[in-house]
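Can you keep this structure in mind? I'll have questions shortly.
As written, the chains take the letters A, B, C, D and E, and residue 1 is the first residue of each chain.
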Amino acid sequence: MSSHPPTAPAGEVPSSTSPAGPARSEEPLPQATTPVPPGLTWRQRLSRIDVRFSPYLYISPFFLLFLVIGMFPLIYTGYVSVHEWSLIGGKGEFVGLDNYRAVFEDRYFWRALRNTVSIFLLSSVPQVILALIIAGLLDTQLRARTFWRMSILVPFVVAPAAVTLIFGNLFGDRYGLINSAIGVIGIDPVAWHVDTLASHIAIASMVNWRWTGYNALILLAAMQAVPRDLYESAALDGAGKVRQFRSITIPMIRPTVIFVIITSTIGGLQIFTEARLFDNVGLGGSDRQWQTVTLYLWELGWRLRNLGMASAVAWLLFLFIVMFALVNLLLSRRIGGGGKS
Amino acid sequence: MNRRPGFLVYGLLTAFVLGSAAPLYWSLIVGSHDKSVVTQRVPPFIPGGEFFSNAQRVFDTVEFWKALGNSLLVSTVCATSVVFFCTLAGYAFAKLRFRGSNALMVFVVATLAIPTQLGVIPLFIQMAKLGWTGTVWAIIVPTLVTAFGVFFMRQYLVDAIPDELIEAARVDGCTMFGIFRNVAIPAARPAAAILWLFTFMTVWTDFFWPMIVMPSTNPTVQIALQQLQSGYYVDYALVLCAAVLSTIPLLILFVLTGRQLVAGIMQGAVKG
Amino acid sequence: MASVSYVHAERLFPGAATPAVDDFSLDIDDGELMVLVGPSGCGKSTSLRMLAGLEEVTAGTIKIGERDVSRIPPKDRDIAMVFQNYALYPHMNVGDNMAFALKMAGVDKAERKRRVREAAKLLDLEDYLERKPKALSGGQRQRVAMGRAIVRQPQVFCMDEPLSNLDAKLRVSTRTQISALQQRLGITTVYVTHDQVEAMTMGDRVAVMKDGILQQVDTPLALYDKPANVFVAGFIGSPAMNLLDATISADGSAVVDGFSLPIDRAVAAQATDGITLGVRPESWHLAGEGEDGYPIKVAVVEELGADAFLYGTPATDVPADLLRQIVVRVDARLNLTKGSVVRLTTSPDKVHIFDKATGARLSA
Amino acid sequence: MASVSYVHAERLFPGAATPAVDDFSLDIDDGELMVLVGPSGCGKSTSLRMLAGLEEVTAGTIKIGERDVSRIPPKDRDIAMVFQNYALYPHMNVGDNMAFALKMAGVDKAERKRRVREAAKLLDLEDYLERKPKALSGGQRQRVAMGRAIVRQPQVFCMDEPLSNLDAKLRVSTRTQISALQQRLGITTVYVTHDQVEAMTMGDRVAVMKDGILQQVDTPLALYDKPANVFVAGFIGSPAMNLLDATISADGSAVVDGFSLPIDRAVAAQATDGITLGVRPESWHLAGEGEDGYPIKVAVVEELGADAFLYGTPATDVPADLLRQIVVRVDARLNLTKGSVVRLTTSPDKVHIFDKATGARLSA
Amino acid sequence: GGDDEGSEDGKITLTVATFNEFGYEDLLEEYMDLNPDIKVVQKKLGTWEEHRDNLYTKLAAGSGLSDIEAIEGDGMPAILEEADAFTDLSDSEVDGRWLDWKQAAGTSADGKLIGYGTDIGPEGICYRADLFEKAGLPTDRAEVAPLFADWDTYFATGQEFIKKLPDTAWYDSSKGTSQAMINQLEFPFETADNEVVATTNPEVKEVFDTVTSMQAAGLATNLDQWSNDWVAAFQNDGFATMACPGWMLGIIEGNAAGVTGWDIADAFPGGGGNWGGSFLTVPAQSEHPDEAKALANWLTAPEQQIKAFEAKNTFPSQVEALSDPALLEATNAFFNDAPTGEILSNRAQAVTVQPYKGPKYADIIAAFQAAILRVDEGQETPDEAWDSFTADVERIG
């Protein structure tokens, strides 16, 4: 039955030095005690090389491009940040940490930081809570569930720039629809473009509008992965719907909640478009009421044409994000009750 | 349990959905009236008939056709390239054993947390040196691959391709690339479609980077939108009409592929 | 504790053409362990879940004791359930898992603690109370699931394939533990399985289901000895009963593949059309030298150590087919070469006779 | 076709302290069906995958025929493999799945077609050639996986638990089909399972592994009759052999729970320390009236129809423990009430004797 | 940007980047007719700020600028700092073409002419005659003019006005008004050698104090100039007057579409004032600097500027054009058929002082106006606003 040709043709040169080549470290050579294997054919050797190097070949496009467009800029930002560096004139003198000091001494930096944190809190906290509620509602035996899921996601396809223009209109200080609406129920118009907190709420609401549905779907996916029999078991154990949500759903999807919180943290600390387009000046208000750190970075770099200082801000922003992500992780662990065991 | 949800659930969901749609509807209302509508005490609640004349003005005021063309080109090229390269890398990370794979994957994940703003300045300097600022290259090149794409494809392929399938193909006589072609690509197809969509949307909606590298004379859709609002006076009928116009392509895409998009988001999550 | 009755209970899933459980009537005595058994999809789980209140009863009623519970929410039925995947709360430790139902019922902390400790002792789980489920082996998780049911001291236990996630060895030892425990506690138990060995070994009585319809309820041995129809005959027993289509010859004996087997004529006479004969593997004998017998060509002999099973195909003109086999239990040390032909006999009182058209049992 | 030899083969996973397969030597004859059996994680799959080239051999060699294949890539080993999950290419139809390896090998289209058709006929898959795997039942998928291996006409078949995804009934019928097929094709086959019944029924010879180390290789019956050590004794046979720790009394008989059992003195004398006695469930007899015997309190009697197994605990002063049980095969129709005490006897030639310290067999 | 440059069928393509409304559409057509071998493409942006961001980005990138780039007057000093990046446009042909101060503003420290002046922004006061009538004020533009003779009478009239019509502010924004007042100072923020004196200059402080106290008196709308609400205020009788350079007429007309009653008075408090006006430059990046210079020359010649004025009210900065009958006879229907040409010409001649603009001028005045806006918005008291203005100026350096 064997229809195969003999595998080692007679003419094959047996290589007495074993053909391990680069394989040495991973596939040890046969020990002296075992007989040296007969030489591999050229084809077999090729296929060993194939096995060994293909993975690197597959990942290399990513890493090569990433080195150029991701890694290099990252490090270069650090380099720029310790130089005087103007947008037009380019590199100037080495100034050490002066740019950082200048940033720290600039009250608008601190204001931008405050605004960023405030907008981030106003956007991520209600967003996660709302997303949890929506996900809970979607995690039922709905009719036409695809319709509901897609509807929830509609805001996601609206670009932030468009979102901001639309909301910028809705949040008009005197003649905006929202002020008209709250006027109906007897509330005085809110100066959305003047009052610090109001402007933060307005900007946060844009972020929330766009991302809540998206996050709800992520949470929904996690909820659906919760085995149904846990709910049945809990029902038999006497837990009502709300209790089930609290005692089963939330603890079970905790990792995903943390994931959502962290991604919205990273996103929240980078808010730019909404703040930039909230008015037509684009600097974050007369008193920088809603200037975020990224907008501040942009102002430094492209309005004041000081790339050195802007780079310093970029690095600081990075540190803040890392810090926030870590704090978040710790906090959510603690809150989630995962601290035990 | 099989109890169907009651009115409360449907009611609340309906409220959320209306909330999701309302701002878009409002921009349609404003965008289809003349500009006086913005300051009316009681705004109209149905769209008017000025949409097409407003749209005409949008095209007259800014280079909207060019913007649409640019956005379409950039989004398509980036999405396609991301899908190709990230499937390749994601597959390697998901299914191939090689030295350093774990460390490299950790690296990929870590880069997910790096804000785009961080690299903007050198990237800008680099683009300027290459003479690409102001051309679509400046947007395309930095998005040819994404760490997210690699991560996403890896997560998907880890489960989508049983190890046995790869081993079966090896025993059946496939080369490494043969396995990629015959086993990985067919298996990756659903995720690849989702990643394509996702990248397309992300690139389409991006504002920050195009704003820095693209001149207003060669805008993407988002840049064109911003130009409309930055005049000495803002004609909201015009601006919101453009907001609607800029969203229409994605809305169409969404209607066609929303199901996959929803599935994709949910998939990414369970495994993320 | 209480008895359980299904009275013409039905469950029709929305959109389904036929009910998943149809006209299901079954009385379970107080303290009895009733096993529901049947092939996949026959409606076992649905029946059980109807009792637990997890599945709506679309017609008929279900009673626990004298109380009609058909419309009562699960938590008020005083039932504990053990799920196939145990449904342990992964974020709670073993103790909390066991105490959860008591907590919901507002039992005070000291009492909760006492009852959990008691159950843990019974199940040899005392050392694991602080562990999370994922730090337990499969068998331990199974015991925790049992413990969670026990602490509640409910009127009825419902168990849905509680052993199917264990490996074969553990399954065998655990099933005897569950039987023993159930007897000791004396709590009415409904136990679902698709494994007939489990059904036979555990049940006081066994209810066999197929396509949502109850086929037979009886003690394990009665099911084995007097299956009510072809389905039960084929389902109960391993290896399965040999079922042979036969015609009745002029002299009243049954003819299979051209070979005639002696049967009880009185019974055969009741058949409307053809008949189906059922012979258990252990009911065949090898015919002696020169003795007449049903000729079988040996395909495989499975030596199980204590016994051996011979698989073969009728050595007749009918073309051989790997899928239609005769199984015979033979002596373990008999040396039969593959391909040789053996001749089988049996005695009329060991042949089960079924109506071919209806599948119903004709023999007494 | 070819024989297969493992020569002191070892697989040490990077980072692991001990090899997953250690000093494994095994010769498999041309055309033989060798079963590797053992508990989960014992290294069965690893051994098989080393043969297929999917797992590196870190020491020793593996030969197919006379050829050392230890360093040869899988595709050049001329091996076909059947995986537990079948590993069918989901996007190809059945025909393409079967033809894929031939296509890779550059076999021309007409020949591919012919060979696929032939295999499909053999496996009764002709009607399904156009279907995608997901449109097939579990049993059909299993047959496709077999077909994919068959069309290649390889020197060796490697099968890793090819039946474990089938339900119990189908598993039993399929295993006889695989045996029959293997005999017909006469291709050397290495078959991995963790199910000892499968091992016993299918293997020409069976290799029992534990913790990466080969324990015993022999025919199924030889394993049953003469297990080389306590592990094999306990692993082979269902229900498992009763293993009882015993001391040797002054008169040379073995004492278990204070009760003495007669054994072969010559054998017992070899023991260094204590001994372990092994008695299969079917090797016990119920002692007659007045006769002396090992007293067992009946816990459960499992009626399986043809047989019954009695599970009980020694009726001694030692506190009862649900987990330590004596299993006895008894007559199916014997009516034993739970809680009653029976007395067991056996004969010295049916008692397996093992060294308590090493576990090695002492009896001949 | 630069990708569509170069020649097709031997033609030279020139790009002209402008912002807002320069009124060049027809002129460029005309130029192409006159020069068949040249193709001109205009790139138009919305605002100067946006145009400036774009311009600087391209300057930094070293490529991508148009052959002709328009520069707003306030931005010119900073551009002069980058004079090396632009072509010297000096040419005997254009000597004396512009008002002196206009030409000086386009000339770098080392005497290179970087920008050709296009227009200037002589300011009048636009007012709502209908609201004046309601408030019992005169409505005829000749009678109104004396009310606007100096800042004191202007503000005093305002006080009268708001007593009658409390829901309507007197002027559009503190920002616009303060801008008008700053435009009348000679060295508001920087000395001739570019020393920053913004916070020590008593004149600046006086402007600040005046504007904030008038705000406190209720004369201002408290709206940010150019904001959406400011735009909306045109439609809602939000205010009655505003400082009104020529180019503002078009904007008022656009924002106040449908509102009747606008008029313009031939008067400006404190004499005259200039607000805005732009330049055309030729970046050194241009591949066709000579052709570009020729085009810029042609576009800023008096005849062409008159046509631009007719198109978009951009008031000429060319000496010759000021006496052109086409300019002097121009009227504007929206402003009650006011002889806007004549009025603006008068206003231009009334301009006696031009503020000196150093390189930091644009940033400082932005900070100054932001400080005033903060008072308008009630975020800070005038004192606080002044303090933070001081800090901002320090930050600008």
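Points worth noting:
As a working rule, a residue touches a chain if its C-beta (ideal position, glycine included) is under 8 Å from a C-beta of that chain, and two chains touch if they have at least 3 such contacts.
Which protein is which chain? UniProt says A, B = Cellobiose ABC transporter membrane protein; C, D = Multiple sugar transport system ATP-binding protein.
Remember, it's a predicted structure, so these values are computed and weren't measured experimentally.
For the remaining chains after leaving out chain D, touch-based grouping gives one piece.
Chains making contact with chain B as well as with chain E: A.
Of all the chains, the one whose CA centre sits at the greatest distance from that of chain D is E. Inter-chain contacts peak for the pair A-B. Remark: chain C and chain E have CA centroids separated by 93 Å (rounded to whole angstrom).
A separation of 55 Å divides the Cα centre of chain B from that of chain C.
If you average the Cα atoms of chain A and of chain D, the two centres end up 51 Å apart. Counting partner chains per residue, chain E shows two or more touched chains at residues 47, 49, 57, 60, 226, 228, 232, 236. Counting partner chains per residue, chain A has residues 47, 51, 90, 168-169, 172, 175, 232, 235, 280, 282, 302 touching two or more of them.
Counting partners per residue, chain D has 73, 75 as the residues that reach two or more other chains. Note for the complex: chain D touches chain A at residues 1-2, 7-8, 56, 58-61, 67-68, 70-73, 75-76, 78, 153, 155, 185, 187. In the complex of the two chains, the chain C residues touching chain D come out as 40, 124, 167-169, 172-173, 176-177, 179-180, 183, 194-195, 197, 200-201, 220-221, 224-225, 236-240, 280-282, 299-300, 302-306, 309, 311, 322-323, 325, 329, 332, 338. Interface of chain E with chain A (complex): residues 47, 49, 53, 56-57, 59-60, 82, 85, 224, 226-229, 232-233, 236, 363, 370, 373-374, 377-380, 388, 391, 395-396. Touching chain A in their complex are the following residues of chain B: 1-5, 9-10, 12-13, 16-17, 19-21, 23-24, 26-27, 30, 38-39, 41-43, 85-86, 88-89, 91-93, 96-99, 101, 104, 108, 111, 113-123, 125-126, 141-142, 144-145, 147, 150, 175-177, 180, 201, 204-205, 207-208, 211-212, 221-222, 225-226, 228-231, 234, 236, 239-240, 243, 246-247, 250-251, 253-254, 258-259, 261-262, 265-270, 272. Looking at the complex, you find that chain B touches chain E at residues 35-36, 38-39, 124, 127-128, 131, 133-135, 212-213, 215-218, 227-228, 230-234, 236.
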